[in-house]
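Heads up, the next two complexes both have chain A, just with different partners, chain B and then chain C.
Our next item is the complex of A and B:
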């Protein structure tokens, strides 16, 4: 699935008549056609320290040609610093960054075939939309007539009317500014585009629209996109691959499905969304939950060899209310504390001692009362995921 | 009887009507909150700024050597000033020329310092700023006499150089040292607006420009300078207006080798007791400085530069 898409984008790249030589040089002959070429950007053991603070800690990552890679992480996880090193605005303290096999650690931003769309967008407030878009072309020494023709073409590409060419950029709305910033980045014609949460200041509806447009643009241009955000939801919509960062480290890299379906640890599982995570410990050959009112013996889908502690992740949609204790592998009793409407679905908060469980079900299902009575909830072993504690 | 009653009732009604009118007129008179709040400063400006200004203008058109303001109207003061035999135009020329040179020199001197304060000195920049502000705590005249002691024969510089068998430069009491004094005195007035202007240039715009492949010169010309321009122009305007009215530098350091226009105005009001001539010179100076300032302000469209429009 992923591969099919990559091939498509590759054809798009070729069709656009862009640097074929660079790619031909990168591809290794003799290896199968399904083998991806050299990564466009490669990080090996990259760290960045500011005084005694380590913002980025020993990250190794291959960024593939033409992919849409999103780095997600909470604020302060070092994702912006990582992006700034890739763009050439910071130098790594340790490790190597290579661009198609060439070491670029000390190559300044202006000499890199990459371009960063800032969180603030960094539009030039004293220039018109047209002059903003033309700026990278002017820096390259493109003639005025050619610049204008290209700027108008780019305006069409980002779905802005040509009349905006002469408009003062500060009179544009938030969404229009996003488009101008995009057009300006494309004017530079970079091989890789970096995005530093450019959509974070927009309202929900506009954000959703622009996310999809960005993904369309990625497909149309076939360029490599590296996007950072703190919103996994945003990452899920757009990305081919997602990297999750925590405290300067890359904790998991994978397809959206893999991140969602097979989180490697508790942090990723909890970051992905509202899930039930229960810490368990091994005691006399049985896994006991320590977080419920009294220890409950749990059946796990698989166990980790040698581990004494683990965490069990159960998505709210896999939890269910039970009619009888034998209806599921694992059973916990509790009281329904509250219910929340999520639109098409309903979420229940069930308390078992201090522990809170979330259960989600569709509206059509039979719903329990929210009275004071004791309810039984549970899940089957195969619906849970075991991750590192 | 009925007529009389009618009459009274009509007068009563009239009275009531008048009262009502009066009250509504009062309501019309009562000012909106903004104007009421502004009235103390308006009153102060009227008495402290507008009245003296009008008096000076009045004196400018009074009989020469008289003290009878607003009693006569004559252009004889201006006729005297514009008479080619009168050399007061030289004072105008010196004042404006030195003011322009001061502004030009300060633009060149202050830009690197302001740039350093905003982008290079980091946590030292507040200390550097204080170093530039500190001299302002001491009277200008005292500082200028200090420079005189520094440059004078057998003074600080000459004395130190004599120690190694050299003699100090003979720079005191020249137009050049007057210019030096003006540059020295007005430096903070250029530096701080300029620093403010440069600090208004967002760092990410410069990073973005660099990322788009722009060189230093292009970034300076296309991003930094236009965005810092409001501060730079305000600094230039401020120093020009102050320098055009300067007098102490020419008197103390320049030893009156150059007569500034403010010196002539002061003389007219004091020694020669010719208030109308002094007032006429002051009015002319105001017109020249005001005209030049207006010309700059017209080009300085703050809203446009800041991108609000």
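Our next item is the complex of A and C:
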């Protein structure tokens, strides 16, 4: 499937006879497995300022050929601005963006071999599905017959019936529109596809389905995908690598496993999911928690060299209810405040003074009552992660 | 439960609708009847009906000339105000720039000026600049009042236009001209179309501005007024009726074309 696609797209590109200036060099995965992977897009010290507001702050990042990279961050973290600079819709205030070694800071979007799928999808409401998909081909000057053949092929690729060719795009459902937007982007035959949260408006079930289809399409086409979202869950499902953004800065870039398993700081850890984070300070050689009613001495898996402050991250599934104080390295006493069903698992909220702890366990385990009695909870040192405060 | 209530309010709606329709259209109908009177003078009830005055109106060379002038003025005003209004609307509805709000208010103000005052002011200006008033100057006067209206009408359409659409088109490889032709214009088309109808009809029916600024040239409303003041013939209501019918026909045709295009796109 991968080979077929590459061949088809090469023919389409040659037939289109479009300017190849921006496409110079570079290799596709599979073509040169022995060569070191050259970044398809590279950002060096890129910043973007609007008046006195810095949306993107000194970001350096290599986007690898053929990878599925997701940039995730809360709204206002600058991820959309970053994507718009990569697509050529904004110019960086500082720094350089290169495409396979060529500086493209000022290259307009229409001359870049990249294509952005907008959050609103930006489908043309006055055109049929077919004419929407053919739009980039028309811009390249492809003949009408060839355009139609390609559009039908793309409809099949995004799993839409060919009869949709003549359908009014505004009468399509949300999921169908996603597919049309995707087909239109593929019709441009870009080397890199950008996605600006296109799935955010869909219902949960459809979203899950399309996430997987998108990952399948990534595999089938071998193109580079750069996706942005505020949902780490979405990022985890699809990505080869994830970059976490906060206030214009790229906080951490790594594989989903690395982001989940070794968050670099408190922000990433809390962004990854519901976790227990305890701020600790070093006092006379001992790490004391600062967020419980009275300071508790904690046993940590490792300490941070030179740091006076740190944060301890304990995932809810590693917290346990204890029968005796000696059953775990770190022990806190509190009261069960509430319980929440998470499907196959159950989450407990335990309060120790003002401090809230979350504990998750499977339904099959023996569960405590939610009465007023004191319970002991705790965790072992090796189940915690120490991160920057 | 009082079941008669919805029916009663339904009845009230109907009575009100008919009242409004009669209040608006009865005078127009009377004017039309006056043009069909055989007599020389405006008398009710009309004793004998004939198309005599309609025929005379259609045959009159003077009237042919003023109709031509009116059409020419309206057409030029339509084209110029569409161009100015289109780009003006894009400027204030799309882009955020310093002074945008002030521009918006300054643009709207002429709509609320009393038109005779506006006409008089323009006439004084033309005199100061040494320009002989004619139908050319009337075009300028009409534009001062109509461009803001057209800009507003088109701006309403621009407000509902997602700028991401143009960005997407550019991102997909389209140049400026293709974006304008294939994306912006077709999407803003309904606004441009109603702007054009507004421009033509407002110019067609305008009296105060033409009175002051058209000089020796006459337009239909100006001719109607001058004949009412001195030299009434039933050609006045006849031409008035024709003018109204022409405007109504244009409006209906415009609506029909817009509906047709919409239906074709919806397929």
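Details
By our rule, the second predicted complex is superposed on the first by the 353 of 389 C-alpha atoms of A that agree within 3 Å, B and C clash if a C-alpha of one lies under 4 Å from a C-alpha of the other, contacts with A are read in each partner's own complex, and residues count from 1 in each chain.
Operating definition for what follows: a contact is a pair of C-beta atoms (placed from the backbone, for glycine too) under 8 Å apart; a residue touches a chain by one contact, two chains touch by 3 or more.
All figures in this text were calculated on a predicted structure; none of them were measured in a lab.
Per the definitions stated earlier, placing chain B and chain C onto a shared chain A by superposition produces a clash between them.
Of the two partner chains placed around the shared chain by superposition, chain B and chain C are both touched by A:125.
In the superposed model, A:109 lies in contact with both chain B and chain C.
Contact with chain C, but none with chain B, is seen for A:166 once the two complexes are overlaid on the shared chain. In the superposition on chain A, contact of A:340 is made with neither chain B nor chain C. The residues of chain A shared by its contacts with chain B and with chain C are 87-89, 108-110, 114-116, 118, 120, 122, 124-126, 135-136, 138-140, 168, 171, 184, 188. Only residues 18, 87-89, 108-110, 112, 114-116, 118-120, 122, 124-126, 135-136, 138-140, 166, 168, 171, 184-185, 187-188 of chain A touch chain C when the two sit together in their complex. For chain C in complex with chain A, the touching residues are 162, 164-165, 167-175, 178, 182-183, 186-187, 189, 265-267.
Within the complex, the chain B residues that touch chain A are 202, 204-205, 207-215, 218, 222-223, 226-227, 304-309.
Here chain A touches chain B in the complex through residues 87-89, 108-111, 114-116, 118, 120, 122, 124-126, 135-136, 138-140, 168-171, 184, 188, going by the rule given at the top.
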